[in-house]
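One chain, chain A, links the two complexes that follow: it is found with chain B in the first and with chain C in the second.
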Partner chain A sequence: MEIINYEYKKTDNRDVIAAIQPKAETAGVAVKFSEFKEQLFCEIDSADIKKFCSLLNSDAELSFEYIKFLTAVDYVEYIEMVYCLYSFKNNWSIIIKVKLDGRKPVVDSVCSIYRGADWHERETAEMFGIDIMDHPNLKHLLLAGDEDGYPLRKNFEIKWEEREYIPPEKFE
Partner chain B sequence: MYDEAEILLDDLPKDYMEVNFGPHHPSTHGVFRFIAKIDGERIIDIDPVIGYLHRGIEKIAENRTYVQFKPLVDRLDYTGGLNNELCYCLAVEKLMDIEAPPRAQAIRVICAELNRIAAHLIFFGAMGLETGAFTPLLFGFLDRETILNIFEIMAGGRLTFNYITIGGVREDIRSTVKTYFDKFNKEFPVKLKRYEELITGNEIFIKRLKNVGILKKEDLFNWGASGPTLRGSGVKFDIRKVEPYSGYEKYDFDIPVGTNGDVYDRYLVRMEEIKQSMRIVAQALDNLPSGDFTVKVPRIIKPPEGEVYVRNEGTKGEIGFYIVSKGDKNPYRLKIRTPSFSHINMLNFAASGNYIADAIVILGSFDTVMGSCDR
Partner chain C sequence: MGFLEGRYTKPNLITVSYDKLMNAARSRSFWYLTFGVACCAIEFMAAAASHYDFERYGMFFRASPRQVDMIIISGTITRKYAPVVKRLYEQMAEPKYVVAMGSCAITGGPFYDSYSVVQGVDKVIPVNVYVQGCPPRPEALFKGLLELKNVVKGQTIVIK
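Presenting the complex of A and B:
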């Protein structure tokens, strides 16, 4: 196996935008870029996520081959899916955001593109109650499946079991 | 005659056996269970079952303040608690636009690297145990004990420290740390060489590890593997070098890489990393900058609105915190990305087609910790 060396590379978010924008336009994906603390956020429509991810992954110049994680955030009115991708070749990071309907969240699986997304999607599905379409094996991962509601939604409250303190019986 | 027998064998219904493994098995490194479908001695399919150590840390974080949550971070990957703390503090600092003073950064590097050595020594011991040797476990834990004693002087704790704080470290480094570390630095390389003679060059050990569980880098990228697992397959990628944090760019150290991508390479990478970490700690202790060990931070930490993802090179791979703040004293959402989660996800891919005994070795080579996998 040959050794590939990755070293510190100064990156500019404008380069990333310039590289992604024309390719996304030809693929027919509308991307809204924003920046925060040197991080690049891409907001896209929920129907385009699979198309956009496969574009980023398969394109030789972009080569976003690595998924750091994916998760969701519950904003009560809507749920936001967050995909964090990384390109080894260019040392680029992007965070993709997708808005889903809060009452009936449905999103396509990216598992066929990033196999590492498998468990992250399963975890997100059970924690937020998101229906992930075309996932090969969408069963419970961390939870037992007997809790009412979805734990990481904002309307799920932690229940504390109140227990009465019973002093130990005194020995005579 | 022979042909007939072959036809007969083909007609027989193929019956696979399902073997349950764990959750209390010692070589699963914690409470991890998998159901292996086996054909004779070979594994066809692995169905991992996790969640036995799920504590809902991400939900607890939403109900606690930033400072209150910090002690829990140690409990994720409990072999490398300071690395987790460092990452969490860096994330909150990035949100709040504060930077730790140079002295605190150097102390943080010392902590993180010493903890890396301690974690890799556990790996060294466990790897021996997995291949049937008990001695490395005792050796590994003996030297780890010396590091834990240094931690006790530094932070007052041995496994769960709560030492690195938002804005610096809790207290200044004591002068005895250098004395203890110098003693350790003198003795340990000699010992390490002896251990390597005992284990690394051992013929049985090599036969068990070499050409087992070979992983290609394209697959590792796709599965989200990181850390020594990735480096074992010839990818010279280290977050300490590529995205330097906490002043890592000041230190001189090498990134060991494997060439074959098998379990043995992953083992060698970790053993070499121990030596490199020793180098970093020695450099950091020699050139410790003077000044404050913490910056002034507000008593109630309220980061402004926004979201950040900060990652660093943990002991097992990329550990990261994604924090969404709405300007409150609690995080609105906190997601923890842990290397063990991604690596156990990969287990079916990596271990299928191997012998049962090799599957244990492959799982051991990822050096997973269930506390960090289940969260």
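Presenting the complex of A and C:
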């Protein structure tokens, strides 16, 4: 086994942009970079997410091989998917943002690229009602499955008649 | 033997009703289920461990619901977990008793208006004693368990 000693380097976001931009252009992904409190954000189109993630993961120089977190945000007009990626090799951290249609959100699964995204995608799907395409096992992770709606959407309301709760006879 | 010493030197007879004898025995030997739900279970474990010690009241933990008299619900019951609690309760042999420990098990507590929480374990199974607190200290749990003793002493088997 090869042991690699990564030395600590302070991240400069200009380096990250300079490394990603030409490779993304070659792959045909339009990336819009922005920065907030030293954190780099990449905004891309929802159709390109799988292509962009596999580029970041498989490229030897970039090697964003770790997904820190994956979630969604409901902005009422639209829903935004958020992917936090990390590169151990370069100590680079980026956040990818993807805008989805608020009424019918559909996005490709990155589960085939990052195995760790599996449960995160399942949770995001049940909490926000996002249709994650090509996910191997998209069933409920945390919820019982008898909720009326998606709990983390802004328009979700608890129905108070649910207080008279009768548990189902069968459970998994 | 203290106060009994020299008192019963001759063969003697004690008369007592059957119910009273049985209830005295039952209320002093609660066997409870090894079952912790959430953070109240930490206090529950502290009460069961050597410092506070359940066993001086004859309480002893069993790992199977079929061998226990009492179940302590020590935490938040979520909608996904409620059927499991119900199944555990159904597996217990009669007579069976339930202690709801802490705010979450009583009403849902701080998670009262959450999408995933059942507002009290009494929506799922009948409860004998409620122990309030968030979480209750072991002393409070003991108070509740001594209340449960009174519940048992009030019950009758022979006289209906």
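One rule holds in what follows: the second predicted complex is superposed on the first by the 154 of 172 C-alpha atoms of A that agree within 3 Å, B and C clash if a C-alpha of one lies under 4 Å from a C-alpha of the other, contacts with A are read in each partner's own complex, and residues count from 1 in each chain.
As a working rule, a contact is a pair of C-beta atoms (placed from the backbone, for glycine too) under 8 Å apart; a residue touches a chain by one contact, two chains touch by 3 or more.
Just so it is clear, the model here is predicted, and its values are computed rather than measured.
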| item | value |
| --- | --- |
| Touched partner set for A:I95, first chain B, second chain C, both or neither | first |
| Partner chain(s) touched by A:I158 [first = chain B, second = chain C, both, neither] | both |
| Touched partner set for A:W119, first chain B, second chain C, both or neither | first |
| Per-residue touch tally on chain A - higher for chain B or for chain C | B |
| Touched partner set for A:P22, first chain B, second chain C, both or neither | neither |
| Partner chain in contact with A:D146 - chain B first, chain C second, else both or neither | second |
| Common interface positions of chain A, toward chain B and toward chain C | 142-144, 151, 156, 158 |
| Footprint of chain C on chain A - complex, ascending | 142-144, 146-147, 151, 156, 158, 163-165, 167-171 |
| In the complex, chain B residues that touch chain A | 50-51, 54, 56, 58-60, 63, 94-95, 216-218, 221-225, 233-237, 241-244, 249, 257-261, 306-309, 311, 318, 320, 322, 324, 332-333, 335, 337, 341-342, 344-346, 349, 374-375 |
| For the chain A and chain B complex, residues of the former touching the latter | 1-9, 36-37, 39, 65-69, 71, 73-74, 82, 84, 88, 91, 93, 95, 114-120, 140-144, 151-152, 156, 158 |
| Complex interface listing, chain C residues touching chain A | 78-80, 82-84, 86-87, 113-116, 118-119, 123-124 |
